[in-house]
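Worksheet: one structure, shown below.
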Amino acid sequence: MRIAAFLPELLRHLFKKPATVDYPFKKLEVPKDFRGTPYLRPELCIVCRACERDCPAESIEITAVNEAEKRFRMVIHNDRCIHCAQCVDSCPTTPKAMQIDSLYELAADDRHKLKKDWVYVRAVMKPKAPAAPTASSEPTA
Amino acid sequence: MAVLRTLLYLVVYPGIIFLFAYSTFCEWFDRKIYARLQNRMGPTHTGRFGLLQPIADFFKLLAKEDVVPEAADKRLFSVLPAIGLAVVSTAGLLLPVWNFDLAVPGWTSFPGDIIVMLYLLSLPTLVLFLAAWSSTNIFSTIGGARVLTMLFGYEVPLFLAVLSPAILAGSWRLAEIAAFYQHRPLLLLVNLLGFFVALIAVQAKLERTPFDIPDAETEIVGGTFTEYSGKKLALFRLTFDIELVVASGLLAAVFLGGFPGGAVLGFIQFVPKTLFVVFLLSLIRALTARIRVDQVISFAWKVLTPLAVLQLLATILLKGFLT
Amino acid sequence: MTDAELIEKLKADLGDRVEIANPARRRLFLKVAPEHLVAVVTRLRDAFGLVFLSTISGVDFGATFEIIYHFSTPEHDYNLRTEIPKDRPHVDSITPVIPGAILYEREIQDMFGIVVDGIPDGRRLVLPDDWPEGQFPLRKDWTFVRPEEVIPGGKS
Amino acid sequence: MSFQIPIGPQHPALKEPISLRMTVEGEVITGADIRLGYNHRGIEKLAEERNWTQIIYLVERICGICSHSHATCYVQGVEKLMELVPPRRGMYIRYLVAELERVHSHLLWLGVAGHEAGFDSFFMYTWRDREIVMDLLEMISGNRVHYAINTIGGVRRDIDEGQKAKILEGVAILKKRSEYYFHIGASEPSFVGRIAGVGMLSKEQAIALCAVGPTARASGWDRDVRKEDPYAVYDELDFEVATADSCDVLGRVVVRVKELLESYKMIEQMVKGLPDGDIVVKAPRKAKAGEVVSRYEAPRGENIHYIKANGTDKPERLKVRAPTLGNYPATLVMLNKGFIADIPLIFAAIDPCICCAERAVTLVSARSGEESVVTMGDLRRQALARSKNAPVKGNAVWPF
């Protein structure tokens, strides 16, 4: 046991740069695998509902707008999303119809504004060809 | 003229305005040093370098809701913060910074003012105990019991350590003690041991780590302050800030040679000397973990008091040798 | 000691009070009748060094409850199971043998409504004090109807 | 005079809600009682309604600090049920994250222990250094707290050469820092004075009360699932089980710092010996009927999941035992005859991670000392009635 064993370390830090980051003024970069908010590329979605089935927070909702025209509506409830990116893993298309962005400042004062929805026509299974002429993506939110 | 001087003394310097401004500055200094020692930033954004942060905190608390517990003794509960503030501010007036005449004792500087000051500095502890007791909260009660228990530990070494330079100087008047050591600066080295004893005792008096036992938040929530909120808490916090200034000023006057040379020169010496003491206090705060109340008592009686007695003996022997 | 040797030894020691299964390496599943439970646990503790109880799981089989005591020694995992009828859900406490079992026994009392006879402290553990009597959340026939989500200050 | 002090459900020393009722005489504790259920989220019931994939993320959220341990424990059980063999590279990455998580959890705990003892500088330093390992975890998995790197049949993110180098670099710094903390923790007198001889738990008591993890190991009982039931990659790694025989809080600090050093060793071995190949195999959606007991050494002790499948894509039963629950009976013994000042330290020394129901509030009246249990509904009604009856304050307006 030694008196003031910590002293040299303390005094050394008096002349060091702070370890903390002055957050709202300076920002750190996110890593490349960061899981932000999911979003849909509607021209690629084949409505297999794999994302809806596997979403642990039940935050993805797909409903048929018009069965005959194959028009569907996907709602992502971002207020429920837990940012696990399982929807991206579950998505069977290449390239993936479900994508994830790298934004992290997600706070909002109204949870209704966090809801995002897309109304789109179901894509055909081979998405390598250019998007079908009927495919009209119109994000309504 | 004398009336104006007295008014200036009471209100501006070193009266309430100076004490308020300088105590918030000392709190900022303490927080900044503490943060930098821990590799953090400390207050940064309120005012330049965050200088206005303690004042902002003070005004924020003033605007907060003030809750008085139903079971508490309401009159006592409400009046205690004001008493505490008044007591430490009065002690602040006795600091020999300005407006004292070495030849003629006045009401701000008189033989025995060191004793008066030490007693005035003891009163906030009693105020704190009464505040804790009148809150009736179980955590406050434990905190109050701890305040008193600690008082019995640190008070004796503090008195012994502060009085030994006075014995060497042969005066019970702060201004004369300071003047004595200004003439013989080498004698200050004799009191080095006493300075460290007094420093640790002051740390305990101010209830800062390692002696923040009465308001140890991880043990007894807010301890003595559990039930205090809003304006009353703001006043208590200000009390502790001013006590920090006054206690460091006392140590600077007794152990570091005081502040001679009138208002301006005195001020120029007052600031670095007190900041040095505050820095040492911050260093102790960063260096240690909180100890238990039984450990405080045994530490105070087994280590601090013998050291203070040793200092006293050395001083008496030296005094006999000098005369 | 290999699994096979251990099973032989267990069989010799405990006789026909237990049925032993060994689905994976180091994992033993022992089945015991509820009336022999405490005797078997005592014997296992004294002769085989089963002092460490990891937890007690309950499973609802519809007509019966299965209670599994998960023990482990540095070499093997023992899972001691017993089955009790749902209409008379009583089991003897093993706390006199393994004091550390108390919290797990209180937990299965709360969650399955199994009465543990002889438990030294039978207060509720995880359920709130104003939880209605006779509601046991982990029984299969207990369902939770999620109330309509009401967002304060706005429409859903 | 003896009286009761309520520690929790809301208390600055407790980061999560739990209620400890202490009977004290002066400063000495003469009785302790524990009340759980303030954080019960019904995860076991919920798991019976989810499919195998969804449950990974559900069990990951049992705990924020050892999130990976629950997910791994569950996933390795499900893989046994589905008879999957994940690729070696996937296994190495999974247990690399597990060891990094142990480092992060133990550093966090060291800081908390410092804070509970009022040693804030120690707290700040350990948490600053913990950022290094948090950054590594973020780099590997994408996020800081819920790594979500496990999937049934392997892991979801791969490691490249640059990341390997960064991990080794970070671990080298951490190793140096941990040795320094070991040295400080054993020599700063005010800190040692607070933790030595506090919260005694003898080996016999630890065994009788089924203590787990560092609490058991600090009492000299060398139980470690990684050693005695080596799952996955642990039989290929060279490490020792850290124990101490001082049976007090100091022993628990020592055990955790030693474990940190062992973890650095394992991380280096795993990064250097990372095999090539795939990281994941495809998992079926359904599992055959069967049951499995999965054990895992989480930072806090043994984590055990009992999974029973019935042939569908949902489990029949998932039983989770988090290590902290196993340590509560031992905590009550440790608290007895201690000082009030030791409560946070002793309680923090088991590294509590409280996961279990809310809804009841116990009120202790300050005046009479009587207790009454009030439901949340009653409390809300009382609060409403009180705010209605309260006179409107004249100065309740912003004064400036």
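For this structure, a couple of remarks:
Just so it is clear, A, B, C and D label the chains in written order, and each chain counts residues from 1 on its own.
As a working rule, a contact is a pair of C-beta atoms (placed from the backbone, for glycine too) under 8 Å apart; a residue touches a chain by one contact, two chains touch by 3 or more.
Note that this is a predicted model, so its numbers are computed, not measured.
The chains in contact with chain A and with chain B alike are D.
For the pairs B-D and A-D, the larger set of C-beta contacts lies at B-D. The centroid of the Cα atoms in chain B and the matching centroid in chain C are 61 Å apart. Each chain gets a centre from the mean of its Cα atoms; for chain B and chain D, those two points are 42 Å apart.
For the pair chain A and chain D, the distance between C-alpha centroids works out to 28 Å.
Chain C and chain D, compared by their mean Cα positions, are separated by 23 Å. Across the assembly, chain B contributes residues 37-40, 286-287 that each touch 2 or more other chains. Residue positions of chain A touching 2 or more other chains: 6, 10, 19.
Multi-chain contact residues of chain C (touching two or more other chains) are absent. The touching residues of chain D, counted against chain A in their complex, run 50-51, 53-58, 61, 121-122, 125, 128, 131, 138-143, 146, 148, 151, 156-157, 180, 183-184, 187-189, 192. Every residue of chain A that touches chain D in the complex is listed here, in rising order: 1-3, 5-6, 9-10, 19, 31, 33-35, 53-57, 82-86, 89-90. Residue ranges on chain B touching chain D, taken from their complex, read 37-40, 63, 69, 71, 136-139, 142, 145, 209-210, 212-213, 216-221, 286-295.
Across the complex, chain D is touched by residues 23-24, 26-27, 51-55, 57-60, 68, 70, 72, 74-75, 77, 79, 98-104, 111, 124-131, 137-138, 144 of chain C.
Residues 3-6, 11-13, 26-27, 114-122, 124-125, 128, 188, 190-191, 193-194, 339-344, 364, 366-367, 398-399 of chain D are the ones touching chain B in the complex.
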